[in-house]
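All remarks here apply to the structure that follows.
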Amino acid sequence: MASSSYFLLVALFALASWKAIASDPILVNGFVCKNPMDVKAEDFFLAANLDMPRDTNVSKVGSNVTLINVMRIPGLNTLGISLARIDYAPLGENPPHTHPRATEILTVLEGTLYVGFVTSNPENKFLSKVLNKGDVFVFPEGLIHFQFNPNPYKPAVAIAALSSQNPGAITIANAVFGSKPAISDDVLAKAFQVEKNTVDWLQAQFWADNQN
Amino acid sequence: MASSSYFLLVALFALASWKAIASDPILVNGFVCKNPMDVKAEDFFLAANLDMPRDTNVSKVGSNVTLINVMRIPGLNTLGISLARIDYAPLGENPPHTHPRATEILTVLEGTLYVGFVTSNPENKFLSKVLNKGDVFVFPEGLIHFQFNPNPYKPAVAIAALSSQNPGAITIANAVFGSKPAISDDVLAKAFQVEKNTVDWLQAQFWADNQN
Amino acid sequence: MASSSYFLLVALFALASWKAIASDPILVNGFVCKNPMDVKAEDFFLAANLDMPRDTNVSKVGSNVTLINVMRIPGLNTLGISLARIDYAPLGENPPHTHPRATEILTVLEGTLYVGFVTSNPENKFLSKVLNKGDVFVFPEGLIHFQFNPNPYKPAVAIAALSSQNPGAITIANAVFGSKPAISDDVLAKAFQVEKNTVDWLQAQFWADNQN
Amino acid sequence: MASSSYFLLVALFALASWKAIASDPILVNGFVCKNPMDVKAEDFFLAANLDMPRDTNVSKVGSNVTLINVMRIPGLNTLGISLARIDYAPLGENPPHTHPRATEILTVLEGTLYVGFVTSNPENKFLSKVLNKGDVFVFPEGLIHFQFNPNPYKPAVAIAALSSQNPGAITIANAVFGSKPAISDDVLAKAFQVEKNTVDWLQAQFWADNQN
Amino acid sequence: MASSSYFLLVALFALASWKAIASDPILVNGFVCKNPMDVKAEDFFLAANLDMPRDTNVSKVGSNVTLINVMRIPGLNTLGISLARIDYAPLGENPPHTHPRATEILTVLEGTLYVGFVTSNPENKFLSKVLNKGDVFVFPEGLIHFQFNPNPYKPAVAIAALSSQNPGAITIANAVFGSKPAISDDVLAKAFQVEKNTVDWLQAQFWADNQN
Amino acid sequence: MASSSYFLLVALFALASWKAIASDPILVNGFVCKNPMDVKAEDFFLAANLDMPRDTNVSKVGSNVTLINVMRIPGLNTLGISLARIDYAPLGENPPHTHPRATEILTVLEGTLYVGFVTSNPENKFLSKVLNKGDVFVFPEGLIHFQFNPNPYKPAVAIAALSSQNPGAITIANAVFGSKPAISDDVLAKAFQVEKNTVDWLQAQFWADNQN
């Protein structure tokens, strides 16, 4: 029941009037689309507690991403935007990752962040910056980027917006060394120019991590 | 000089390599587009002080919107997203307005906000919600919406993201009654079903306001 | 039965061949999508009588909009265009409104029209023109615009095209003062810089209007 | 001078404020883009005389298309829509053609039209309809379609809207048999399953036509 | 059973996690969309034998197009690309046609091809080139184009990519003269500036061809 | 001279007629856009020798990618597609990488390839397949993927198409460990859960590689 109302999604065009075809739910992008007469403010709302600190011990890298996307707010369907709060432990990081379908714009609410992204081949230029409270930074769509809290004593907090209702995220280390099943160590050894047993050792780390 | 570097815009595709045609700047969307070899972190950065309270006395309605769009961060060009901090005085409001090219997702950082939007004709259904710190709400593209701080003693603060690097904003009262030049009072009297002198009086208000 | 065939929508891609998955109707954008073998000319046709005058007494503002969108012609689904005939009584108007998802291009078939639109903040520049028979004017997406028939004796007629199969329309006065339920008069009094009882009086007008 | 003002194009985003980079014109889609402070109503207007009959003797097929696109109204740039008036002599036709970048929606203002389009391979289904005054018909993007006036005594008139500011048009017979230079008759003879001298004769017709 | 798995389509967004609404399949673009947990490599794979020669006797024009689109690889859904192998008999051709929804980029694997396309009205400029093994050519979206093997003794082979998962194809001669039912010979005689009995004879050819 | 003609780019819309503004080149997406009267077949052509084997010794990983994009064929501008030939040495690979702006569809021309991609967080599911000559596989936009030639004696060849005229490529190992300047080893050590000196050693490898 709870999970059913959780997925009562509402598309933008639902805001114009039409008559229902039948009693079956209408789907857009695979989510239920409501008759505009039945749209409720709750479809566009989430009591997300984005003001509250998150536990950064949930990951080995010392960060916690709270993403508010179309899975959390049905009314975002087709609207092309989402929001996230990111908490960083002292020396914690949101490790190198990409969003396959979104650009990200981030502002620092608390603490300090060392951030950066790498441009495409062949330059692979690394652009980085130390951000203080109130600073804003942009990570272009599909590029590898990270945020790192360089302060050994104080946590940091950021708010980020993403240009998709379902931006996706690919954490590089996890996808490369922790995929299920594992990528062949022949492939990874050659790609990273290391011995196969180094790859095997890395893969063991990430498998363990993901199984928690 | 300052204004020139202010407009050194960088498009996403600039991140792939190409050789410059000539010494003239390359424009995309009317902004300068840099050779990817010349891209700097500063093109994607702004020391926006988004953590700092803004003066809400600048407007008669008791609010102040700090928008970080492509005019402020050149690297946003073509990337389809922007960010804003909104400060609300006690009983202040961000009055009814639309963004012609963007959906907005907002979270409350401080205080309480009464927010809402109105759906299209013919329903013109008003969906509203009282948001507390940490709550999230979505205003779909092109719909009339507002935020109001119902607390007579405490200010409020929100962060909003918009799904365009140049979302635009049309404050309904200002556009309708404060345009330059004024819309004919025949047109507005009939549209709002009031006497022409009521329209004239309203227009006088907004002209004054805009001339400050 | 009638309402069922009314919603037998046909998407463009339906024009390429595929086999049906099952006996259930296939939905695109929430509308039924037909097997291309079953597409009929009627799916792309409407006997809309767009040559016939409409009754402009149906609204207090003296106009009548006949919109031919995807709800009227199923075959428009996914094709991004719609058409409208607009009739204006002497001194009638199509009052200030926006289309959240479309640009409009209009030509005058009969009579004269005073038309205009207002640009975004902060300029709120009002661009207007008197159009005679055969003149063409463009209202950019999401901007507030209107048409007014300045002739006290003769009606006017226009044909308008919109860049969406479901453009939506938001009549400013109705959405602001006639929404259901009403927007708080605190919010509107401050936005329009009037007394609350002025707002209450305006809201009473529009509620009555909409209940007809 | 005339041709210069003819190309003073104004993009939608020009409606938001920015400062000019320099004194050189800013181009979007290859057209000049104005500073929003300089936008004029004339940029969105054309005295196109769309109410006036056109001469249908200009072509051998007895029709005349008056297209109002971005080349005629600079303000249409980036807005994705255009408008056309089409005049048909008795027994005249707008011969089989495609719009590579637009869907078309057409309504009959005067007379009667026999219209149709053909779906993609492998069905090549021909959908047709006789339209009377006031009827509406849709020609999906990229499909071959035509309008024919079956009345031997009376002309016909239609208004059509297209979902692109620059829809393009490819008249099949002219493109196939009247291209400059000509397509090899080997290719066309095999494609149309006719003798080469039939192709040569057809090509001679169209070359002559185009040289007028 | 076979045809059911044939249509188990997988959309890109399926690659992000969500919970199934119910036991009914979720449709996107009219195709089944899988839960990301159930995605298999087979959804993105086809043993298409694109290295193997095709029989070019299947058509009168001496060519055979093997198109790998979303109907053949479900995982292409929403991804905007498809691939084709084209075999040409000696003196065979892929006759003049358009893709209503795609640009094509082609490379020659074996033999020689004389290729070309015609630009829009009014220029109808014919751009052509003789391609040798390894050459690449581009046919822009919606334009009429062809490939012809000028060698009377040797076959040719090309690989082409198209910018749509369902590009569609309209063979001009078949759509114009072989549609079902036939286009009126009045319309075609005037369009092609030939006698009606020439049209009738052409139509008889193509009807016969299509009925095989 | 050579580099000038190299950048004479031609946009799709150039195929419709317009008059030149002036003698200055018109830019679209930062590339020169030609007057449609001046378009030549050469703008859409490249003698790319895609049938010829490439030297796979140019990289340590034993592969060579020949990409035909808008930098190589000006006429591809705005058309959303590109093509590549990929050569693999025995046991060579195209190492894990992403295309930030494109989906890829690949077919094997010679030899055997072991290919795969990893889905987004949190599943990071690895989907892989051994492809033989003539098989086709799809790598969805933005996902990490690779191809590996498992045969120790024979090379392999593939043709791939990408859904962008400028897809971009990010080789994971090079971007993470070989960026210029290097990403902080604090960040990478935590992300990959290794010692900093392991990171330093990896970075040394890739710096060397890139300096060749």
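Order of writing sets the labels: A, B, C, D, E and F. Residues in every chain begin at 1.
To be clear about the criterion, contacts are C-beta pairs under 8 Å (C-beta built on N, C-alpha and C of every residue); 3 or more make two chains touch, one makes a residue touch a chain.
Values in this document were obtained by computation on a predicted structure and should not be read as measured data.
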Smallest number of contact steps required from chain B to reach chain C: 1
Farthest-lying chain, centroid of Cα atoms versus that of chain D: A
CA centroid of chain B to CA centroid of chain D, Å: 38
Chain D-chain E separation of Cα centroids, rounded to whole Å: 25
Centroid distance [mean C-alpha coordinates] between chain E and chain B, Å: 46
Contacts with two or more other chains, residues of chain F listed in rising order: 12, 15-17, 27, 101, 116, 120, 123, 125, 128, 140-141, 143, 168
Residues of chain B touching chain A in the complex: 12, 15-17, 36-37, 39-42, 44-52, 68, 73, 75-76, 79-83, 85, 103-105, 107-109, 116-117, 119-120, 122-123, 125, 127-129, 131-141, 143, 159, 161-163
Parts of chain B lying in touch with chain C, wherever the complex brings them together: 60-62, 91, 93, 95-101, 114, 116, 118, 120-121, 123-126, 128, 140-144, 146, 148, 150, 168-184, 186-188, 190-194, 198, 202, 205-206, 209-210
